[in-house]
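Here the structure comes first, spelled out in structure tokens, and everything after it is commentary.
Labels for the chains are A, B, C and D, by order of writing; each one numbers its residues from 1.
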Amino acid sequence: MSAPDYGRAFAAWRRACGADWDAYARHPFVEGMRDGTLPREAFHHYLVQDYVFLVHFARAWALAVVKSETMEEMRTAAATVDALVNMEMSLHVQTCAGLGISEDRLFAAPESPANLAYTRYVMDAGIAGDLCDLLAALAPCVLGYGEIGARLGAEAGDTPYADWIAAYAGDDYQAVCRDVGAMIDAALARRLGTPFTAAPRWDRVTERFRMATRLEAGFWQMGLDLA
Amino acid sequence: MSAPDYGRAFAAWRRACGADWDAYARHPFVEGMRDGTLPREAFHHYLVQDYVFLVHFARAWALAVVKSETMEEMRTAAATVDALVNMEMSLHVQTCAGLGISEDRLFAAPESPANLAYTRYVMDAGIAGDLCDLLAALAPCVLGYGEIGARLGAEAGDTPYADWIAAYAGDDYQAVCRDVGAMIDAALARRLGTPFTAAPRWDRVTERFRMATRLEAGFWQMGLDLA
Amino acid sequence: MSAPDYGRAFAAWRRACGADWDAYARHPFVEGMRDGTLPREAFHHYLVQDYVFLVHFARAWALAVVKSETMEEMRTAAATVDALVNMEMSLHVQTCAGLGISEDRLFAAPESPANLAYTRYVMDAGIAGDLCDLLAALAPCVLGYGEIGARLGAEAGDTPYADWIAAYAGDDYQAVCRDVGAMIDAALARRLGTPFTAAPRWDRVTERFRMATRLEAGFWQMGLDLA
Amino acid sequence: MSAPDYGRAFAAWRRACGADWDAYARHPFVEGMRDGTLPREAFHHYLVQDYVFLVHFARAWALAVVKSETMEEMRTAAATVDALVNMEMSLHVQTCAGLGISEDRLFAAPESPANLAYTRYVMDAGIAGDLCDLLAALAPCVLGYGEIGARLGAEAGDTPYADWIAAYAGDDYQAVCRDVGAMIDAALARRLGTPFTAAPRWDRVTERFRMATRLEAGFWQMGLDLA
């Protein structure tokens, strides 16, 4: 199955990161969700850390509002913050409750170093650079989950992780990915010119994407290691 | 008519700023909306600048998401960003269209120095300090418009500015003011302790509120001066 | 007398801003220093506000350290912060003392709106964008003072402002201008490519320079208006 | 040997972090420098990563300039940035050259996750909070190296790491620690009031110190693990 079409920047970054991308998008944690062999305990550890991740990921998307230059950029970034804070995190609390993980445990969870490294790296990409640097660091999570969801939605058989897969394979999330992908393409065209790959900043922006991709792989691994 | 109850911090700041507060909340521009004597041209100038103001005010509320420490803080700040970007600014474009001011004119409007000074001061309050510094600089606009709306809703007779007054006197906006007031009280209790006025930072946080109040008065004045 | 050579970006920005640049670099305040007709009181008002300006200007140069990507960028920015904070501001206190303006008066000086608008605009340029946006907003002050100093050093006759002129016409300050100009050229080449003027961001970065240039003119005017 | 006196905040934080502090200040890496058993390769790995660390640590101290409210705060922070960028990093390049590690290898070094997690956590502490949050996250490195240097200076026998020990045990570095400690005490007194431990923010600020302390221990461990 080929990767979904989330725009030109994503396609170019994904291609540039080759083996790093596969190490994330086809991580044993992901394949374990697909075929149902992922230990339940690993999934729970992941969920708890993912809640803390979402807090800081929402903060980073809020920084994207601060760094927007057009109404379209502001609208997409603001809608993403609101969706993360006022919907996705509540959904997370609900999912965890269904698994016997209380909201108290979520809030009290000590942040793992892998989690810390990832979210603070993304935030600092935005502080150090402009919106392109920040979006390149935000993209692997948003769009990678879309790609993983779409693939597992097509490939997975009977697995206890069908709900997780359905959420990211679903039309709503896939539409988010296409919107964010289009916003990234427009933001890069505005600041780097086209073709992106000819811009002097292309390699450094791509390094942001690659580092965030590696940190995503580290995040899956943390789920396995903690279990 | 007494001021609406938007919480303890607002009441204390408002009292501390005495004459500065009245110079804003009872500015000739405001009284001109109340009794209908405000020149239409002044109102149009104000609306155009207010659009640009909202862009940067939304960016500052997004910074409040970045600086939140609790889910309640994040939720209120994120909802405010979304309301500003995905509702209030569209409403603004619509209102301006009804007055013959095109969206193009809004986007192309050169920012007045009074506008610049105000919005960038608020943003920098957040960069320099913590969430309390930022909220103290955000409060005069949000809550002052609530107070002005409520008073004019009660006092205004027949005036061409009835729509503006109705928007800010209305239940929806008054509820926003109570929510934001409660969030401010909680944020200050968490960081300064209670009573707020006994905290070593109280005077400096109050200076943030006072400066923003003066810059709000300057914003009304700009509307008159440009006309 | 032609403008000093502080690099390619400065030359291009200066040319693009034509009348705005002259309104700053040949402002009546400047010409009054040259021919000695500037009222002493105006100069004193300027000095007091300039002290507060330097505080926030140093903060903005510190943000340039935060946003640096190379050791050369960091070194130039860090040296500038240190020079501003640990030398220029002390010099300022000393100059003011010689004019009977106490350090207490400097610290207690209420910031004028023109001052506020300028410094916070520069800071926000750095928060919103990358190092190029920030440097474009920092350049008119640093390099403009160099150009004004050099011209007045050559043209001024007997004037009570000879010390001010000598400071900015002097070899030390002119060397700073050449270093900062070279750093700006390198930072733009790295991020925008060459020629700068062909980059998609060139016009927006130039707008940063133009806005800061206008705010500089407003700063001189404030000195005259307060007197 | 008792800990050196770097002020009240440091003493209180250090005490509060008990076992976490010892796990950092008496880490096997440290004891290996003391008795000379630390493998040379581990030290080299540490030095390379420490160079990258210093880049981002200097950026975080620059953020402290941005967040300063008094001239004393600005002066100490600006002097620290300048010392890090224009002295300590050059010294580092020199030390590494003496060990056969070229400047090219330093610049090209891929940042380890432990390094990334630490420096970006410190930076984000400053973005999220005020100067106290940032200083609490900066303190374990600056003052911990002072304590370790002082102890090893007194305890170490013949060891190949005598130069490293002498640098941090020396009068210059110990004076820096006392200055930074005094600045921290003043910054906390200004914002939290005294006694610090009675302030509502004390526990959260102490958590910043504790997290940075754990990340410092992780940094030593990385040196051992990479070797």
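Methods note: a contact is a pair of C-beta atoms (placed from the backbone, for glycine too) under 8 Å apart; a residue touches a chain by one contact, two chains touch by 3 or more.
Keep in mind that this is a model prediction, so the values were computed, not measured.
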Contacts common to chain B and chain C (chain labels): A, D
Touching both chain B and chain D (chains): A, C
Chain separated most widely from chain C, comparing mean CA positions: A
Numbering shared by both copies at the chain D-chain C contact, with half separating same from different: same
Distance from chain C to chain A - Cα centre to Cα centre, in angstrom: 42
Euclidean distance of C-alpha centroids - chain A vs chain B, Å: 35
Separation of mean Cα positions, chain D and chain A [Å, integer]: 32
Residue numbers of chain B (touch at least two other chains): 59, 66, 123, 127-128
For the chain B and chain A complex, residues of the former touching the latter: 55, 58-59, 62-63, 65-66, 68, 71, 74-75, 77-79, 81-82, 84-86, 89, 107, 123
Interfacial residue positions of chain A with respect to chain C in the complex: 66-67, 69, 127-130, 133, 189-193, 199-201, 204
Residues of chain B touching chain C in the complex: 59, 113-114, 116-117, 120-121, 123-124, 127-128, 215, 218
